[in-house]
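Per-chain residue numbering starts at 1, and chain names A, B, C and D are given in the order in which the chains are listed.
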Amino acid sequence: MAILFFAGALRTDSSNKKFAREALRLAESLGKKGQFVDLRDYDMPLYDGDVEASSGIPAGVKKLGEAILAADALVISMPEYNSSISGVLKNALDWVSRIKPSPWDGKHTLLLGASPGAMGAIRCLYHARQIFDALGMYVFPGTMGLAKSYEAFDENGKLKDEKQIQQLQSLLEKFIKHAGI
Amino acid sequence: MAILFFAGALRTDSSNKKFAREALRLAESLGKKGQFVDLRDYDMPLYDGDVEASSGIPAGVKKLGEAILAADALVISMPEYNSSISGVLKNALDWVSRIKPSPWDGKHTLLLGASPGAMGAIRCLYHARQIFDALGMYVFPGTMGLAKSYEAFDENGKLKDEKQIQQLQSLLEKFIKHAGI
Amino acid sequence: MAILFFAGALRTDSSNKKFAREALRLAESLGKKGQFVDLRDYDMPLYDGDVEASSGIPAGVKKLGEAILAADALVISMPEYNSSISGVLKNALDWVSRIKPSPWDGKHTLLLGASPGAMGAIRCLYHARQIFDALGMYVFPGTMGLAKSYEAFDENGKLKDEKQIQQLQSLLEKFIKHAGI
Amino acid sequence: MAILFFAGALRTDSSNKKFAREALRLAESLGKKGQFVDLRDYDMPLYDGDVEASSGIPAGVKKLGEAILAADALVISMPEYNSSISGVLKNALDWVSRIKPSPWDGKHTLLLGASPGAMGAIRCLYHARQIFDALGMYVFPGTMGLAKSYEAFDENGKLKDEKQIQQLQSLLEKFIKHAGI
């Protein structure tokens, strides 16, 4: 089966989209199947209980929920906005968690983060861990925070630094082994 | 000057909107001026760096930023979605923080939370405190988490329980005194 | 092999010691072997880098480290002091983490919490999860916060409420299955 | 009146003791009075409810509580152990919080952190902020995390880097102004 990779940002040139795609490439080199999906392709409004009551769960949310449900495991790369996860990612979490049973429940998940600063999204990953734990997901203890993300990728979206590639590959190996996938 | 009251939810019948309005009513009874604003009235898309780069900060975001900037202090009541603040509120924070200088900076802020469960949004308030601290806001240490929020308000939106009214009024008095407004 | 049960408090009559012992009793009823250890029996000073440099790791710390290393999984019940884990538990974590390789590394761990208040140690469990994740432990997403702990146990230290017994037993079953022990 | 400076570590050569002393030196250069106290001079056991019940609050705890009570404001520099505050500091917090009324209540507090790594105690400061907020303290939003602390001080315990001195002095000025002391 497959691992689902996505990023918690919408911007086309997002470092976190690149980071998630690199993780997919390395997972494939380890013999695993996977798929990258772009949140931009899942149309969803801001969560509004009135919208849910009158129109139900939007089609874009359902589609994302199905992709999550079908996956054996998740790898999510996220930017840090104001010391926490992005409103974009939180909104997707909030919407998808309204599907019953919750597609998040019991998913093995690896969290990654990329940020332009020196800290590599560390505070964001802290919040994310608590939120995803609360959703019943098995969040892998290891993570990788990529600092100075604007300089980290070449024009093909590959990590330039061989050490970072090794770090990410090693992390994926441990995650895959732990998740038993 | 005035205290700005708002809630981190869109739903018309939101308990947090009621809670914020009750706080306004009690602040006025203490002789303070204030204003309730509804996030629903500030049109804003999900944050997208491409949108910002091509079109700048949306008008709804600017309008909310101006209301925050003009206020002497903020009282924000927030729902707990998946153990953290709502995507709706986080998205508003993320967008408004893109205005330079940041309207959030240095604002005295009181955090409230209402939730249908027994915990009264306590985990959400924990995350919110970290996020708002990081935005340079002076977050008041005290808070009030309103549990079982669906039963807490009468048909006019007033808190039914006199003890809860006393608790909120006392909290507002301490906050107003501390903020020096 | 065995599951190690302990509590993050020293007091003889600690509700968390009772809670950990109840968890042991229920794990045994599920056919698992386990052992309860009392932090009071592991003599350890407050962590002091000078003491470590001059005298090495204290005997009590080594003994606790060996018990953790020998266990297949951990069940830790902890009190909430000032919204976080107790100094007693943190001090034990800090000392044991000085043993190389770290006995904590890779342990499947279930966190429990008992508190006299209404919240059931929820904020403490939040901090604990972050700390234990950072130690490389596999912290089970599920937990059980026991509120009003002073009234929860009978004179033999058993939970009075059959529903709480069911809840704890069900949680242990899920944890044991997930940990593969 | 005076600002009380202390560090959350016992080791004699602790970087955090140096950081707290530097903060005192700079506060004095701003015309403020202050005092550095060393937790090593306040004898206190690990918190134990049985000890408290049989012997009351230990003399070392009372003495520290009096120093805190007498201060107009606190500046605390803390190491990060296992992603959170040290057991030593948490134990001191837990003990002092048992004094009624709590010496912590309503104190303006500036948090600092020094660590040998690249992150400058950032996760520790996150936990500390939540704990101190819960104690009713007014934790200043700004902070300073000193990374690579082993190289940061000269043989007289002064910060070597003039930019770091400026940063700390500027932070102290803002804190003093905000606290109104």
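The rule is short, and it goes like this: a residue touches a chain if its C-beta (ideal position, glycine included) is under 8 Å from a C-beta of that chain, and two chains touch if they have at least 3 such contacts.
Quick caveat: nothing in here was measured; it's all calculated off a predicted structure.
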Task: Equivalent interface positions on chain B and chain D, same or different at half - done: same
Task: Selected from A-D, A-B or B-D, interface repeating B-C by over half of its contact pairs - done: A-D
- [ ] Give, as an integer number of Å, the spacing between the C-alpha centres of chain D and chain C.
- [x] 28
- [ ] Report the inter-chain centroid distance for chain A and chain C in whole angstrom, where each centroid is the mean of the CA atoms.
- [x] 31
Task: chain D: positions in contact with at least two other chains - done: 123, 126, 130, 133-134
Task: Parts of chain A lying in touch with chain D, wherever the complex brings them together - done: 118-119, 122-123, 126
TODO: Quick one: which bits of chain D touch chain B in the complex? Just the residue numbers, please.
DONE: 126, 129-130, 133-134, 136-139, 141-142, 178
- [ ] Mind listing the chain A positions that touch chain B in their complex?
- [x] 9-14, 44, 46-50, 81-95, 97, 123, 127, 130-131, 133-135
